[in-house]
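By letter and in written order, the chains are A, B and C; residue numbering begins at 1 in each of them.
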Amino acid sequence: MQLRELAALLGVAYDGDGDCELSGVATLAKAGPQQLSFFANRRYRGQLAGSDAGAVVLAPADRALFAGAVLLSDNPYLTFARAAAALHPAPSLPSQRHPQASVHPDARLGADVRIEAGAVIEAGAQVGDRVVVGAGCYLGAGVSVGDDTRLSPRVTLLAGTRVGARCLIHPGAVLGADGFGLANDRGVWVKVPQLGRVVVGDDVEIGANTTIDRGALDDTVIGNGVKLDNLIQVAHGVRIGEHTAIAACVGISGSTVIGRHCVIGGGVGFVGHLEICDRVIVTGMSMVAQSITRPGVYSGIPAEDARRWRRNIGRFHQLDELARRLLRLERSNKDAVDE
Amino acid sequence: MQLRELAALLGVAYDGDGDCELSGVATLAKAGPQQLSFFANRRYRGQLAGSDAGAVVLAPADRALFAGAVLLSDNPYLTFARAAAALHPAPSLPSQRHPQASVHPDARLGADVRIEAGAVIEAGAQVGDRVVVGAGCYLGAGVSVGDDTRLSPRVTLLAGTRVGARCLIHPGAVLGADGFGLANDRGVWVKVPQLGRVVVGDDVEIGANTTIDRGALDDTVIGNGVKLDNLIQVAHGVRIGEHTAIAACVGISGSTVIGRHCVIGGGVGFVGHLEICDRVIVTGMSMVAQSITRPGVYSGIPAEDARRWRRNIGRFHQLDELARRLLRLERSNKDAVDE
Amino acid sequence: MQLRELAALLGVAYDGDGDCELSGVATLAKAGPQQLSFFANRRYRGQLAGSDAGAVVLAPADRALFAGAVLLSDNPYLTFARAAAALHPAPSLPSQRHPQASVHPDARLGADVRIEAGAVIEAGAQVGDRVVVGAGCYLGAGVSVGDDTRLSPRVTLLAGTRVGARCLIHPGAVLGADGFGLANDRGVWVKVPQLGRVVVGDDVEIGANTTIDRGALDDTVIGNGVKLDNLIQVAHGVRIGEHTAIAACVGISGSTVIGRHCVIGGGVGFVGHLEICDRVIVTGMSMVAQSITRPGVYSGIPAEDARRWRRNIGRFHQLDELARRLLRLERSNKDAVDE
């Protein structure tokens, strides 16, 4: 694709040789004359100047930093993401119903679906148009999957789970296992039936080996546009608001509600029954132990305002020295008294 | 089911309209006239008063807080759990041996088992009566599974693993993978053969994508009535005592022994070779770095008595201010000396 | 096998009855007269003296601590690992191509491979000689697996993933899922295509339910001899150097580079874009937030030199008391001023 064509496709301006032929994308360090790269972090200014890339996406203010052809964008990383999708379209998977898949006669399949080897689809399941059900996936009774959703191999959707349109779910993800509901009878745990469902909106991505439990009574709900990374635990009755992104290894305890447009770093833990408002950022490995009612950045164990956390953790690294100084003061005071 | 019938079935008293017809359970906020709810947390007193539930399980002391019919119980959540199980019996799965399952001729299957599509059962495996082996499960050579145990789809039990009766194992759980045993030969890791098994008692529940490694020499042992949530790592040689409950994302290092009737919060980590006595509670995201010999509540990194932790972490949030006050004192002392 | 034979096989000296017949290995506490045990930790000196083991591997300096026959080694645990492998050879699995596996006609299989039931191998995949592809494994288009590698059941290798020779991958591991790459378009997340691969060297072990994402542009690379435990998250573009060992539940954020011969404890988290030099040890549940340029032991949240962390965390446990002492000093100073 020529640079001018790509610019037109993406609706952005270009500068330099519009005939430049681009066959793919690469990093500034590795891109060659037929590849597009991007510049979004000032740290890589040196790499930009020396890059052999055929073209680079950058902000208009940075135009002077690269001698070659450019795509101009106020959000270079976003434009690069779209350019990469245009230059590397996902291989289209032909529709198929593999003879080694097991599809219950009472399941309803849309048009042009692809059901790979070893997939199992139970009674009452509904699969939308152009859905891919990867090898070894399991769709329990009454599951529904919206149009154009793609299930990678070995995804498990247990009975009653609903997944919207245009979602992408990675291998090993488990939606709809029982929540961890237990009552105690003089020392012996008694299971509390888990009667809710998992309901996932449209345009959601769910990472490998992530688990989302069904609700105890009400549903567990994942809003439209939510992005979940790998190995995340979402407990029963959790609700995650639209367009929130959560990095790997996060654990969210039961009935906690996370707002819209939040960004949660890796390894964060949430206590149960909290309410987190919209536009909250929690930095990695924090423990959120209380509800959050104001947008902002939060850190720490337990989480507090990130600036306060940084000051306190800075002091923590001096703590032994502070304790020694305190002891010295106490001694000098005692000496003063003793004098 | 009528309220009076349900009360009789559960062995508790009722008050109000015994003819009240109940078809299911719901939260106080959502329950309608044919639904049962429960009241176990004073926070929800307002919801209780305004609830449209046909009946509510509550403690006798709270009888006056709800105008409608009630089930009376000293442990309302437990009674509710049993009522929910009575009103929403798990769908009975017909016994079956799916033609797309692969069962070795030397495996022994009990009566009325259900083997779903894609399940693989190797030589020498023994499956008890009324066991469900979900779609895509793997039972290695010599595995044994006790009566009435239910394996959800895609559970992996590697060679030699033993699971007791009436267990429930959720998708993606892996029992019997090799422990992480390595010797070092001048910088190169050499595998230590992992020769023990995983032995799981009766009435155990194991969450989605939880991993329990086989022992190096002795077995890894999960006691009767233990409940494990999702994404938990149980390393080789760990022993978990009866009726202990462990929340999601916990990691237990090799050879650590956890007592009976313990409750471990989400995200907790245990160092290896510890001994934790019975009736220990560890709050979420703590790191247990030493053996615990007294029942009680423990918190922190590393874990200590929870009350001390709370006091210390409270001070941590003032740490920058404390350091400034210390500096001020030092200065005033210095001034005093200089005077 | 006789003790003298075993000693010859392992290239170590023995002392005592060379005719002693050994059929297996066990712990000091459980070993009987036909079993070999080992002594590598002075804590178990009492068990050594009283052990019924037929022979024990120990260091020459400890010879006097055990009356029976011994194998002498400067690295008893390493010698024990090799003895255990000799006495308990892994059962050899016959080559096989199970009729319920699905192998694309364009896949290339080496000699003596074993393809178990339910495995799926896509077009263009290459499987080396003597490889085991366990039940329910998925090998996507263009995957390559080196000679003698063993995939346990239910391993997922997505399109383009390369695994070297003599590797062992445990159930539920997912290699090659998309990295978590997102650009933001006025609040809505836009997927950044993930175009790199996962490239795994030789002699690598990967634990159950561990996830290794494909690179965004460059590959995610796992070096020769690396050992990864269970439930580890390796994000896109991470590189792990040769012979590094990583315990369970670790999360490594995108583009972080970990050196060779490192040892990472359980539950550790790494921020993205870091460089960790060779021979770094990070203790369990630390958060590594900055690059590390000097070999050594690091601990804490965020990680610092382990000795400093121990001193500071020791003071943390006195923090409430320190704060009270500070207050007392302030009061006495104030009194002094007021006087």
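As a working rule, contacts are C-beta pairs under 8 Å (C-beta built on N, C-alpha and C of every residue); 3 or more make two chains touch, one makes a residue touch a chain.
Note that this is a predicted model, so its numbers are computed, not measured.
Colleague: Which chains contact both subunit A and subunit B?
Modeller: Shared contacts of subunit A and subunit B: C.
Colleague: Between subunit C and subunit A, is it the same set of residue numbers doing the touching on each side, over half shared, or a different set?
Modeller: Here the answer is different, because the shared fraction of interface numbers falls below one half.
Colleague: Based only on mean CA positions, could you tell me how far subunit A sits from subunit C in angstrom?
Modeller: Chain centres of subunit A and subunit C, defined by C-alpha means, are spaced 26 Å apart.
Colleague: Quick check: what residues of subunit C touch more than one other chain, meaning two or more?
Modeller: Those would be 100, 118, 136, 154, 172, 209, 231, 249, 301, 316, 318-319, 322, 326, 329, 333.
Colleague: Flag every residue of subunit A that touches subunit C in the complex, lowest number first.
Modeller: Counting only subunit A, the residues touching subunit C are 24-27, 30, 75, 77-78, 80-82, 84-85, 88, 90-91, 98, 100, 116-118, 134-136, 152-154, 168, 170-172, 205, 207-209, 225, 227, 229-231, 243, 245, 247-249, 261, 266-267, 284-285, 301, 313, 316-320, 322-323, 326, 329-330, 333.
Colleague: Which of the residues in subunit A end up touching subunit B in this complex?
Modeller: Subunit A residues touching subunit B: 100, 102, 118, 120, 136, 138, 140-141, 154, 156, 158, 172, 174, 177-178, 180-185, 187-193, 195, 209, 211, 213, 217-218, 231, 233, 235, 249, 251, 253, 269, 271, 287, 301-302, 304, 308, 311-312, 314-316, 318-319, 322, 325-326, 329, 332-333.
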